[in-house]
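These are the structures, in structure tokens.
Below, chain A partners chain B and then partners chain C, in two separate complexes.
Up next, the complex of A and B:
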């Protein structure tokens, strides 16, 4: 077997299927999307070349900037949530009782499909029968917020289930990374008199810094292209108050039949993701940690 | 294992995998013709619809040996996505469902859908209720044959009305009075699920009709009129007036239509403006208690003092219709199936599914619930039926309209802005 893998031809032979699939289903559609963005096209019928018109329209489109802002806010909140996930993982990785069980409990939301989570949280947020408002009314609040109907609240109301949904995933990553830290290092630290707090922030966190950097990029990029919960729970409404880049793109292409502009939006989303990834990487390396 | 054997074995696995799928693809007999048919009624969410469709397909297949119908039911929203994707690949199913007017337009312009005038001229001549097929006509040809005809009444809960001691309102003044009294009795007057903004659009459409007259909205949409006319601003202001009075259920902008309907079905809300497609809920659906179903009735949207509207004017129109794909390789068979389907559906729709078909129904011979008789009678008396605004508009404008409806209900725009932004949407 080793003999086989050492051969250049064999390597190429084994790489080709995956490479073909990636090129065929990722890179070619990507280039096509960029190309459609230059066209006026309703998804069928004739395409008319309009050059950079769609990109000019995009720059002046308040809906685009609003949804971009919402996406970036989600990115920011998801990154902040990483701190919370990290703290939970640090606590779990101490030799505490029931850590194993808790870790599994945290993981459960990740196993549910987004649509199921959306249905669950729709009930939690229900303006009259939902858990939140039933509780608030019980406490004597007269007009509890209508969460998903309130344009000032809807975005934050959506962030909660999204952050909840991914908790298990990041906790699992952090927990595994923390468990991989050599016991020798931790023993040495405790011999030198480091307390729990110092061990956590001076030893453990720096030692898993590479993993943390990766999760920051995962969280930011994942947030920028986030779609499912928002689409099921509000559809971007009311009046675009919870529209994010991906849902705006979807709506433009598939509901307004404006594939040209929708493609331009998709391409812009790709650029935003690339730029953010580069920026995030720059920031995390600059810190020199 | 030698290098060569490994490569050969993997290649063989790869090749055999491919050829296997080829084989099963080519297994269809050459004699047999298959009609691909995509419809909107999956067995789970529309059980009776689905069953009747299956019956019709079976009957067609047994009358026409050698033709197989390959039916694929898909839910509403996914259905629209599927249509978009398949038609951009020029790969529409031979027969399928489409909505009228604005939705249909891109498909017709793109040459994806075949005209059906041949059927209308021969077998289905005079089969349809006047004014239903027109919504599917474009550039002098008919591209869809409607299956349903709907109008939207205000359903109300008689027990709640009795509890509050109010009568069915016949003028808008009385209607506002009813809302006040219901509120005093701690009953939610109206439920509306404006997350699906077409439901709020129904309220706006009716008010526009009652203020500006039956053709005002249609003219504003086809650009012989304008949304800035006073009657539209009045209608928008009246919506906000209702919101101010707490006439609508709490959190309406965050509720889906289903969630809002639940408030009505639970007996929490007294009124619900919705299409006649919901009649089965209030007549035959065993999931709702007999007591509840007996307590439901409907009234016509009341007229406004000084408005140009007529109480016999309705918001509604044909629902979905059948199309035949232009590039279908079994076009003749597809046309025959459409004809068969329309006829059989017309026979079974009211009695077995509880849907009012777009084809003419003889109420005398049918043994049906009285609410159906009442609505069929009202349909005959209707002075005008205004097609749903988001169906009349082109898809892009419809999206803006629906967003604006949410903004209007949410008090985020003034009635004047609301009118102006509609005007801008058409530019």
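Up next, the complex of A and C:
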């Protein structure tokens, strides 16, 4: 029995396809991207070694810092939105009739492609025929905002479809976690005279704290990687007002064909993701919650 | 006093329902609006109220986009890429999960770690080296490239979804099979795979949704029309129709429909897959 399940040949046979793919197409490129950052390369010709030039350029590049700021802002908004999702889930999970149906309705946008969502919201924000401005014009507003064309509004405007897309997903996760809390614990609490409010914040929330931490990391790292929707809706504009790390990197490499600097940006994106993950983990454990 | 309490509780419940209902409307409304304008002409869209029903539904918007552009070709491509990648991902992920959870070897924890860390990796950071790799191999603008990437990048989440289920499988069955002289491959193919079919369905649906909606690999590595998927195809297609809202709406609805139908049939499985893939991570 042990011989069959410990055969070296069999083990290698079973892990090799997946391991090979993941190492070849995920891990090796990750390392290479840091290395390509040391090169000057237009995507076609020879690579020329330029040392740390690109990384120095990155430190002094205001566009890089702006896009990093926008990415972190999205991360912050997404984390704040988690509080709202948690409250909705707490309400949904207290024996509300129709909770199951509502949860499914909330989830629908999550199933659609970011491209389709972006195209739909481009119409919703349309300056003359979109939903928002049709309504505002009907109300008699003379100069309704141009939303995506307004550098001061664009980032907030983009955040609305992001909420629309992900709300159902986080509500689903919180709801499932809340439903898994044992009935005994909740009965004991109500025996002790805890009201709904106290049960929610003193018992339910602390009991799903591990899940909350996971969602914070998902929300922050997910925002740092955010790309598709912004790329389709604004392409980072107007004038870089909605440029995020991933879109800046993509534009630099695949539109301006500056693959060397693009690689340095891609490597910075990787580092920012890793560092943020570690920092968020640290903060959430420090508080002792 | 008692009446007052009842009233308060009814009012409270109603307020909560109004709140939850408002969110549901917010989630559904843009899609209803989309369906409405996909059935109107431009004039009807701009002159009538956005909420009005189409005077007579213009189904020809749908016929037109389906026949005129390459939408049917994109649709077919999406089905092919999604189908092949899902089968490969499920097969390779099942093999690894089987090896990690059922076989006895020292490095199993490390290998599992390699896959789970893969969940956190920003795929944008792999794009440039991948581009160079495929360029040298002459595989830019090749369908195989897409299938390889879709298969690979779904492995981590698929392994995570499978992992929990594999750990709950009783060991007695495989012990009995081995006692009876079954080989390791027979054990995997005729006992483990059939036993894990419920979780395979869950993982397959999640894979399908991700592949169907994938944008960046398709947009970066495929340049010719004939290989595009619906998700990227509609992006270019819509570019030509910037002013024809009816055609744009119809295109978007066509691209969303397969996933929405899947959701109506298998919503519980999809919800299970989404939670399994994130919470255990």
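Rule of thumb we're sticking to: the second predicted complex is superposed on the first by the 273 of 289 C-alpha atoms of A that agree within 3 Å, B and C clash if a C-alpha of one lies under 4 Å from a C-alpha of the other, contacts with A are read in each partner's own complex, and residues count from 1 in each chain.
Criterion: a contact is a pair of C-beta atoms (placed from the backbone, for glycine too) under 8 Å apart; a residue touches a chain by one contact, two chains touch by 3 or more.
In this text, all values refer to a predicted model and were calculated from it rather than measured experimentally.
Engineer: Please tell me, clash or fit, for chain B and chain C sharing chain A in the overlay.
Structural biologist: Taken together on chain A, chain C would clash with chain B, as the superposition shows.
Engineer: Touching A:25 in the superposition: chain B (first), chain C (second), both, neither?
Structural biologist: Touch status of A:25: second partner only.
Engineer: Regarding the shared-chain residue A:189, is it in contact with chain B (first), chain C (second), both, or neither?
Structural biologist: After superposing on A, A:189 lies clear of both chain B and chain C.
Engineer: As a test of reading the superposition: which chain, chain B or chain C, is in touch with more residues of chain A?
Structural biologist: Touching more of chain A: C.
Engineer: Does chain B (first) or chain C (second) touch A:43, or do both, or does neither?
Structural biologist: both
Engineer: What is the contact status of A:181 with respect to chain B (first) and chain C (second): first, second, both, or neither?
Structural biologist: In the superposition, A:181 contacts neither chain B nor chain C.
Engineer: On the A-aligned overlay, A:259 touches which partner chain: chain B = first, chain C = second, or both, or neither?
Structural biologist: So A:259 meets both chain B and chain C here.
Engineer: So, A:225: does it touch chain B (first), chain C (second), both, or neither?
Structural biologist: So A:225 only meets chain C here.
Engineer: Identify the partner contact of A:7: answer first if only chain B is touched, second if only chain C is, both if each is, neither if none is.
Structural biologist: A:7: touches chain B and chain C.
Engineer: In the overlay, answer first, second, both or neither for which of chain B and chain C A:91 touches.
Structural biologist: second
Engineer: With both complexes overlaid on chain A, does A:147 touch chain B (first), chain C (second), both or neither?
Structural biologist: First partner only, chain B.
Engineer: So the two structures are superposed on chain A. Out of 163-171, 199-207, 217-225 or 271-279, which stretch of chain C collides with chain B?
Structural biologist: 217-225
Engineer: Counting contacts the way the document defines them, which residues of chain A are shared by the two interfaces, the one with chain B and the one with chain C?
Structural biologist: Shared contact residues on chain A: 1, 4, 7, 10, 13, 17, 43, 253-254, 259.
Engineer: Going by the contact rule at the top, pick out the chain C residues touching chain A in the complex.
Structural biologist: 16-17, 19-20, 23-24, 26-28, 30-31, 33-34, 37, 45-46, 49-50, 91-93, 95-96, 98-100, 102-105, 111, 114-115, 118, 120-133, 135, 148-149, 151-153, 155-156, 159, 175, 178-179, 183-184, 187-188, 209, 212-216, 220, 231-232, 234-235, 238, 245, 248, 252, 255-256, 259-260, 263, 267, 270-271, 274-275, 278-279, 281
Engineer: Taking the complex as given, what residues does chain A use to touch chain C?
Structural biologist: Spelled out, the residues of chain A in touch with chain C are 1-2, 4-8, 10-11, 13-15, 17-19, 21-30, 32-33, 36, 43, 88, 91-92, 96, 102-116, 119-121, 123-124, 129, 131, 134, 164, 167-169, 172-173, 176-177, 211, 214-215, 218, 221, 224-225, 227-228, 232, 246, 249-250, 253-254, 259, 262-263, 266-267, 269-270, 273-274, 277.
Engineer: Would you mind writing out the residues of chain B in touch with chain A in their complex?
Structural biologist: 1, 3, 6-7, 14, 80-81, 84, 87-88, 90, 106-107, 109-112, 194-195, 197, 249-256, 259, 268, 394-396, 398-399, 403-404, 406-407, 409-410, 412
Engineer: Where on chain A is chain B touching in the complex?
Structural biologist: 1, 3-4, 7, 10, 13, 17, 42-45, 122, 125-128, 146-151, 154, 234-235, 237-240, 251, 253-259
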